[in-house]
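Letters A, B and C mark the chains as written, and numbering starts fresh at 1 in each.
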Amino acid sequence: MGEPVLQLEQLRKRFGGLVVTDDVTLDVMGGELHAIIGPNGAGKTTLINQISGLLASDAGRIRFAGRDITALSAHARARLGVARSFQITSVLSGFSALENVALAVQARTGSSFRFIGRVAAEVDLNEPALAVLNELGLTELATHIAGELSYGERRALEFAIALAMQPKLLLLDEPMAGIGREESLRLLDVLQRLKGRLPIVLIEHDMATVFALADRISVLMYGRVLASGPPAQIRADRRVVAAYLGDELE
Amino acid sequence: MSGALVFVQVLNGLQFGVLLFLIAAGLTLVFGVMNFINLAHGVQYMLGAYLAVTFYLMTASFLLAMVLALLAALAFGLLLELAVFRRLYDRDHLDHVIVTFGVIIFLDHGVKLVWGSAPLSLPIPDLFSGSVRLPGGILYPTWRLVIVAAGLATAILLYVLIAHTRVGMLIRAGATHAAMVSALGVNIRRLFTIIFGLGAMLAGFAGILIAPILSVEPGMGDTVLILAFVIVVLGGIGSIRGAFVAALVIGLVDTLGRSFSVDILRLVMGPSPARTIGPALASMLIYLLMAVVLYFRPTGLFPVKGR
Amino acid sequence: MQMSLKRLRPHDGVPILIFLILAAIPVLALIRSEDYLLSLFERLMIFAIAALSLDLLIGYGGLISFGHAAFVGLGAYAVGILSAHGMHDAIIALPVALLSSALFAYVTGVVCLRTKGVYFIMITLAFGQMVFFTASSLAPYGGDDGLTIAARNTLGGFALFRSEGSLYYLIWGCLLGAYCFCRMLVGSRFGRVFRGAKENALRMETIGFNVYRFQLAAYVIAGMMAGLSGFLLANATEFVSPAYMSWQRSGDLIIMVILGGLGSLHGAIIGAGAYLLLEEWLSAFTEDWKVIFGPFLVLVVLFARGGLLGMGKGLVRRLSGG
């Protein structure tokens, strides 16, 4: 519990002349829910992309469970236990909800270079997949095609996929964005249950959610970490209030 | 392998490259801005040549024939765009490939019906039908120099168009991010039509230029098409600059490769194996080059697409 | 598309019917004493195998390969070249055909699969051209004109290929085997990952799948299958030529796959059949049948989504549902 699970050291990413992530240093402890907030364009999604491996950083290091993963590909990091959701929900639209989740189970169990055997009938993939779908209240939708689900249901499905990976680190990019009240309550409930069980990095705009859930908050501004600490400290930090929170708090 | 011979082949390579650029320029724009794979671009080139022959037979003036052929090529390109291609912009690449492939089949055989399958030719205009004496005492066909000049002039005009006019700016923006351009309220349909027409004219122009020195026959666009694609991919889709550089490189590599492969190989192996492997290697050279470049730069030399 | 294999049961009727019809052709040919039927359907089945392998890539993997005919040509030339050196037995020719196409698929796949979209289409086209030009310049093996093969392969000494009837059923067996293999592959663990990569490659990567490796494996498998069809083609026609691997041929293969219905496997067989039969029928009318064919293709793509299978399903639905 002493060592941080995720350590970002002076991460930098530039696109042409624009520096999107600038000297970002922060860490996430085991079981901690670490929220990252900041105005649009502050570089939050880019940061998540760098952590999950979809973007190669120009400078800096990323350490996961003590291991330097800066040079690892996205799929290698996923195998190590880094799971993520996307800002714009990204599921396999032509597959059923069950298959989406079963694939995540498949990725961590056994070899997928098997040419024989009907994968759709594999109980040791379907059962854990169903269990995860249950947890998220998606049981009845298991055989529905993912592309036909409502936006909120697809969001929940994305959660399910991430959970089915039995991740050691969860990266959530604005999971509450664009979904209705009922569904956001459900997701909130899931997040509450997950809190403490595994480290979570949460990007969110909804301050109520952030201050309710976060153990620590980092404020990103123009790609730099403006402040980082427990919610109370952030709330009281005048620079943060002036620059970003303003009247969002009250 | 004398210096003079090398010089001649370099000129030939430049001429070939410049011609390929004319064809590739239209192709890369259509790809880059409209995201449309147009396999039928090669037939625009072929049609340019055929139309030049026909109009020359009618008017006995190369200049007139060229102007008329250019206009006819433009008209035909616009007709194709209006009648067929316009419906395809929202479809996926596979549909583009199939439809334009169908157009190639139709036109490759269609020209046979209209003009017959025997190769046709066009005489070089008298003014340029001689040779120029180059340093070193070699005689080089004037018309080939005309092609190089015409191609370079077109390249400069294109550059001015793209870099310094409003339409050019829209083209560059469209190549980087077409959806954004549309969202900004630009009449994207009109832009597409302009780009397509421009490309068709450039390809037709190339066909007209080559008609006096190459035999005009059905299917002549096909080999050239593949090379144009290699150039577009090599240069980076949507990049005129990339197409120019790549076209010259390909033109030179291909021409010099074909001329000197046997000689170069003879330096490292016996004459007989050199003579068998040489031509084979020469034909593969461009593709090997493309493969190597794409291995290190999967989006070409001068990628244009924004993030 | 195709979710769980459970849902495919009603559709199994179509492939079964296809194979029954194909098996009955020699009987028909015998009754009507029309030998050319045998060779026509042999070619049909051979191209069906090639189309199957391409459907695997395009229909299930989203990998639009425009150089697939190269593998067919490699398989064919393996037979031709070995035959020219006096080696007529399939025991050598078949493994060589399969191995050379697999090797070429691997080496080119390593490069091609680093690219996406249009770049992928172009680079596969270019590699196909490479093979085409290489074959055209092989003067000792016929060069541009191609090479006539002295005799068909023997199989371990047995003249299985040399009797028209047994060759036909041999090809039929290969097609059946290829079809069943593809069916199995598509529904396997590997198949699911491959299909998922077509759907959303980024998602697959972030779940933990190295999409590149899966696509490369599929590319090699498809290449080998096409190499098999080339091997059979050389035997059936007793001739090999660079035309077997022209880019037009690669285009024809794509058309066959689309015509029948992408991503259904038996659609590829139907497509190959429709293409070749149409070619036979139209060329009886006019030498310039391709002038009609071109626009026909355009119309099919523009209006008939799902190819012939799609049209058929639509028809069935309309007849039964009203």
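To be clear about the criterion, contacts are C-beta pairs under 8 Å (C-beta built on N, C-alpha and C of every residue); 3 or more make two chains touch, one makes a residue touch a chain.
Since the model is a prediction, treat every value here as computed from it, not as a measurement.
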item: Most widely separated chain from chain C, with each centre as the mean of CA atoms; value: A
item: Identity of the most central chain, Cα criterion; value: C
item: Intercentroid distance (Cα basis), chain C paired with chain B, Å; value: 32
item: Between chain C and chain A, distance of the C-alpha-averaged centres to the nearest whole Å; value: 43
item: Whole-Å gap between the CA centroids of chain A and chain B; value: 48
item: Partner chain A, residues of chain C touching it in the complex; value: 1, 3-6, 184-185, 187-193, 195-196, 199-200, 202-211, 214, 217
item: List of chain B residues in touch with chain C within their complex; value: 31, 37, 84, 87-88, 93-95, 97-99, 101-110, 112-113, 222, 226, 229-230, 232-233, 237, 276, 279-280, 283-284, 286-288, 290-291, 294-295, 298-300
item: Complex contact set, residues of chain A against chain C; value: 52, 54, 73-76, 78-79, 83-84, 90-96, 99, 103-104, 106-108, 110-122, 145, 161, 165
item: Interfacial residue positions of chain C with respect to chain B in the complex; value: 58, 64, 66, 108, 111, 114-119, 121-123, 125-127, 129-130, 133-134, 136-140, 247-248, 251, 254-255, 258, 262, 288, 290-291, 293-298, 300-302
